[in-house]
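One structure is given here, and the rest of the page talks about it.
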Amino acid sequence: MDWLQAFLPLNLERLSVWIGVLCTLAIYSLLYRENPIYRFFEHMYIGLAAGYSLGPLGVDILYRYWIEPIWIQGYWAWAFVVPYGMYLYFIFSERYGWISRIVIGTLIGASAGLFFQEFSSRYLPQLNSTLQKPLWVSDANPDLTYGMIINNILFVIILLSVLTYFTFSYEQRGPVKRVAIWGRWFLMIGLGAIFGNTVMARMALLIGRIYYLLNDWLMIRVGGG
Amino acid sequence: MGMITNLMAQQTIWRLPEESRALFATLIVAGAFVLILGLIPVLQTLPPRGRRAIIVTVTFLAGLFFAAEFFLPVDWTAIFPKDDPKRNFLTPAIQPAQNVLQIIGALALGLGTFGLVRLHLRNAVQKRPQWGYSIVLLVSFVVMATLSILNTLAEKEIVERGPVLERAFSILFDYTLVQLDAAMFSLIAFYIFSAAYRAFRIRSVEASILMFTAMLVMIGVVPLGAQISPALPTIANWVLAQLNAPAQRAIEFGVGIGGLAMAIRLWLSLERGVT
Amino acid sequence: MLSVDRRWLYLILFVNIVIFLLAPLRMPASISPPVQKFYDEIEKLQPGDLVMISSNWSASTLAENQPQLEAVITHLMRKQARFTIISIEAQSRDISYRLAERITKEKGYQYGEQWAHFGFVPNLAVAIKGMVTDLPNTIKQDVRGIEVTKLPVVQGVKSLSDYKMIIDVTPSGTVPVWISYSPKNVKILYCPTSVMAAEAYTYLDSGQIKGMITGAKGAQEYEQLLGIKGLGAPFANTISFSHLLIIFFILLGNFAMLMNRLQARREA
Amino acid sequence: MSYQHAQDNWFAAIIIGFIALAVLVNIWRARRGKELYIRRIPGLDAIDEAIGRSTELGRPVTMIPGLTDFGVVAVQALTIFKYITKQIARFATPMRLLCGNPTVFAVAQEAIADAYNEAGRPDLYDPDNVRFLSDRQFAFASGVAGLIQRERVAANFMFGEFFAESLIFAETGNMVGAIQIAGTISFTQVPFFVAACDYTIIGDEFYATSAYLSREPVLLGSLVGQDIAKLLFALTTLGGVIAASIAGTDAPIIKLLGQPGGWEAFWNSVLGGGGQ
């Protein structure tokens, strides 16, 4: 029974495969119904993930941005940051709870202030690239073909009608309403396209997992080759 | 950046002396704790309006810093010829400010982890229903936290990375956690199937449009589509690039503007949202 | 049919994938221009030319990236090119190292002489900048703990600009980093997953990327160009047929719904 | 193609200034008592129905603010959940708010405690109902999926920024027959919510949600400002494509409208290189 000998988790490499397979099957058991095995792995998963984060996201950050600057480089002003951040920990106290809001206010203010750059970087170049879509052939744009013109006109029409649908502060009536309905239909085309395009990536994930089960665990050659 | 750090290095007032630096650092940190936490009884004497004023001010100042850094001109060479024309006087402070936010984030992680552990400890101690699973969670948490922290310290060469640590970490992280990630991620393939089967029906104009585009793209992007008709991949790509892109962009514009308005309201504490 | 238990759907999908993975079915693929360009670029390599492979995928995207990496390494070995692999985290290091070791052993390619694995670097941008100025000091040692300066495969190599080509096999946005920081004389080839490919066409147009293999489908085309039997073909076929299955069931569901409606109308 | 500072193209500062002005002026008008209209958003009318069903069945309501880092999106999500919690508090319906980011978790604790206070039921607030599960994407997803199935939730609200895990939440919720309302700014996840949820709030309807639910003048006024900003974007697009058709896509005026570096290119061409 050479196959069995190779199949069983008798060395570390095989053991790793067996653990991976066990995890996979336990998670897949959720597809049948929620059950004790899934529950066991779910709790283990969350425990492991929570424990893991403490290394790179807790200790590493505190060491790099707080301990090292103070104790090793000697920049003492950093000393105040952690006690200030610790105001957050008053959150569970009824009497002192409001203190944590000072830190929360800092975070909210910072994310609001940062949004100006994000808005500029993320949306203005998009606005600009929308403008580079000429609607007719002219000497100014010699490389343009009629196919591109049609695409450009479509692009602008769809953009404007979807934008119309997403207005809120007035009652959409008459022609505006009709444009908004068209906008919603165009939106559905976009959503359908994204759905169809994502299916492939998700199937590839599952195929990868099943390949792992077949090839790494059961040691069956895939593709009949 | 180099110039700034040099400047900072020269200003010894911001740096502790090299001699017995560890001792001074410990003292200063202890002092900072006493000072900042000692402020609490003082803050506590404030009436509700004063408390609100403090929160509003802090929010505004934090926002002002990042906003000012972004909006202020960077090119001052007309007045100060030696200035770097790519930054203004606030730019050097951006990285430290980001580090402060990172530190607060790390402390929040502590808070979140505390909440998680407290819930499951209570479950276990009070023997609430299903408390066994809470034990599973706590045990895997403690083991993994120990290994992960040791691993991080080993990366910084503070502790030795022995073969036991390496082996154990690899079993729990690479062989278990990563496998669980992959399994959970691939679950979506099943769900995408059942969702499509259930939702894609010719019920209304909208639902039909959604269904037909999804099917068209689905068949167009796989090799089989090209076998059926060479036009299919072209059409699918055209739908993705020419019909999907403008709809997506319109939504992006709306989201950007909505976010901007929200940011302004939050910055100026104009809405009674979460604080 | 309308209220079918979804668990049947799950089972059917699972069985469908298993069957098409095991079936010795190979449908011909039409070669797309980016894949052809990719192939032509590697064909231009001379024996002994040095290639850097950046491999950043792990278990999740195995079905798309593994056939790509296998096909690429096979082609490089056929051209007798030397290559080194680098990753950005531990899992992709392990998986690419194991894979490369297996493939090279089959063809008798020598570790250290003809190829090596540089392990992983936590910050790609910093690492690339470092490799451009001083490669041995940036990498220091390979995955087996041998000092880079003692590896015959990169003997005398000072900088990334001594390489002929960079091949990025990845499910994440690493290619803009390679484009931004690597030397201008080194060509970049790209093996993305299907989702990431759409964003890369601009780089392809501008020539910043010289060729692209997209997901399992691209790998299938590449295998056909090489004339080998790899995993790309079965994976791509299985994806095709799972799409077909979903479409079939959507149509079935609609058919059942129409039947129900007809019946209801008749009864009324 | 990104902005480090507004000076990369002062157009950014101008357009942000204009939007800010439109928003602030309309907030001011609304505060002075101007009646403002907001169009119907069907999904949001269903929130009360979903809460009602939860109350009837005595099964919990779940709220998921997505996996985003703390920021503007997360604050908006929590604002919506705060409103929902106030409704819930009136009927003493059980609730679970599940977080995938520790900072969001901290702020959520405050917001939910507040909501119960404002509803006059501080006794119902239990910190254990606001939970941080994991900041690891699929560990979070597994926890949420498990909880939804075990507690057989009757209503599931998902608001915020979502990634691939969206469908795991939505399909599991669908499996247990929960009424599901999702609102997200992540365009790529909208199709999955549309397929698996009862109602989907798309794009910046997400930002309109709190105005719709609370009808607070400040928020309604802000919406008017946002619509004006959208009109501005639409006009820029129209004007821009016409300009590009006449003058070419490389024309300085096109670069001025949003491209980093476009400001200088424009003034250099106008002033013959004499501009700064």
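A, B, C and D label the chains in the order they appear, each numbered from 1.
Keep this in mind: a contact is a pair of C-beta atoms (placed from the backbone, for glycine too) under 8 Å apart; a residue touches a chain by one contact, two chains touch by 3 or more.
Computed from a predicted structure; not experimentally measured.
K.L.:
More C-beta contacts across A-D or across A-B?
P.N.:
Higher contact count goes to A-B.
K.L.:
Pick the chain whose C-alpha centre of mass, unweighted, sits closest to the average of all protein C-alpha coordinates shown.
P.N.:
That would be A.
K.L.:
Among the chains here, which has the CA centroid at the largest distance from chain A's centroid?
P.N.:
Relative to chain A, the chain whose C-alpha centre sits farthest away is C.
K.L.:
Indicate the whole-number Å distance between the mean C-alpha point of chain A and the mean C-alpha point of chain D.
P.N.:
Inter-chain centre distance comes to 15 Å.
K.L.:
Can you compute the centre-to-centre distance for chain A and chain B, using the mean CA position of each chain? Integer Å is fine.
P.N.:
11
K.L.:
For chain C versus chain D, what separation do you get between their C-alpha means, in angstrom?
P.N.:
Computed from C-alpha means, the inter-chain centre distance equals 36 Å.
K.L.:
Using Cα averages as centroids, what's the distance between chain B and chain C in whole Å?
P.N.:
Chain centres of chain B and chain C, defined by C-alpha means, are spaced 28 Å apart.
K.L.:
Of all residues in chain B, which are in touch with two or more distinct other chains?
P.N.:
In chain B, 70-71, 104-105, 108-111, 113, 116, 173-174, 177, 179-182, 184-190, 192, 194, 196, 198, 200, 210-211, 214-215, 218, 221-222, 240, 248, 251-254, 259-260, 263-264, 266, 274-275 touch at least two other chains.
K.L.:
On chain C, where are the residues touching two or more other chains?
P.N.:
6, 10, 13-14, 59-60, 194, 239, 242-243, 246
K.L.:
Using the touch rule from the top of the page, what residues of chain A touch 2 or more other chains?
P.N.:
20, 27, 30-31, 39, 41-42, 45-46, 48-50, 52-53, 57, 88, 91, 101, 104, 107-108, 111-112, 114-117, 119-120, 127, 130, 156, 159-160, 163, 166, 187, 190-192, 194-195, 197-200, 203, 205-206, 208
K.L.:
Have a look at which chains touch which and call the overall pattern line, ring, star, complete or other.
P.N.:
other
K.L.:
Could you list each pair of chains that touch, in label order?
P.N.:
Once each pair is checked, the touching ones are A-B, A-C, A-D, B-C, B-D.
K.L.:
Show me the residue ranges of chain D that touch chain A in the complex, using the header's touch definition.
P.N.:
1-4, 6, 8-9, 11-12, 15-16, 36-39, 41, 70-72, 75, 103, 106-107, 109-110, 113, 127, 133-136, 139-140, 142-143, 145-146, 149-150, 187-188, 190-192, 194-195, 202-205, 208, 211, 220, 223-224, 226-227, 230, 233-234, 236-238, 240-249, 251, 254-255, 257-260, 262
K.L.:
Considering the complex alone, what residue numbers of chain C touch chain A?
P.N.:
7, 10, 13-14, 17-18, 21-26, 59-64, 66, 193-195, 215-216, 229, 231, 233-235, 238-239, 242-243, 246
K.L.:
Going by the contact rule set out above, which residues of chain A touch chain D in the complex?
P.N.:
Residues of chain A touching chain D: 27, 30, 33-34, 38-39, 41-42, 45-46, 48-50, 52-53, 57, 88, 91-92, 97, 100-101, 104, 107-108, 111-112, 114-117, 119-121, 124-125, 127-128, 130-136, 138, 140-141, 152, 156, 159-160, 163-164, 166-172, 187, 190-192, 194-195, 198.
K.L.:
Could you please specify the touching residues of chain B with respect to chain D in the complex?
P.N.:
Chain B reaches chain D through residues 69-75, 86, 88, 104-105, 108-113, 115-116, 118-119, 122, 177, 180-181, 184-185, 187-188, 191-192, 194-196, 198-200, 210, 214, 248, 251-255, 257-266, 270-275.
K.L.:
For the complex, which residues does chain A have touching chain B?
P.N.:
Touch residues, chain A against chain B: 12, 15-16, 19-20, 23-24, 26-28, 30-31, 39-63, 65-66, 70-77, 79-89, 91, 95-96, 98-99, 101-120, 122-123, 126-127, 130, 151, 154-156, 158-160, 162-163, 166, 183-200, 202-203, 205-206, 208-209.
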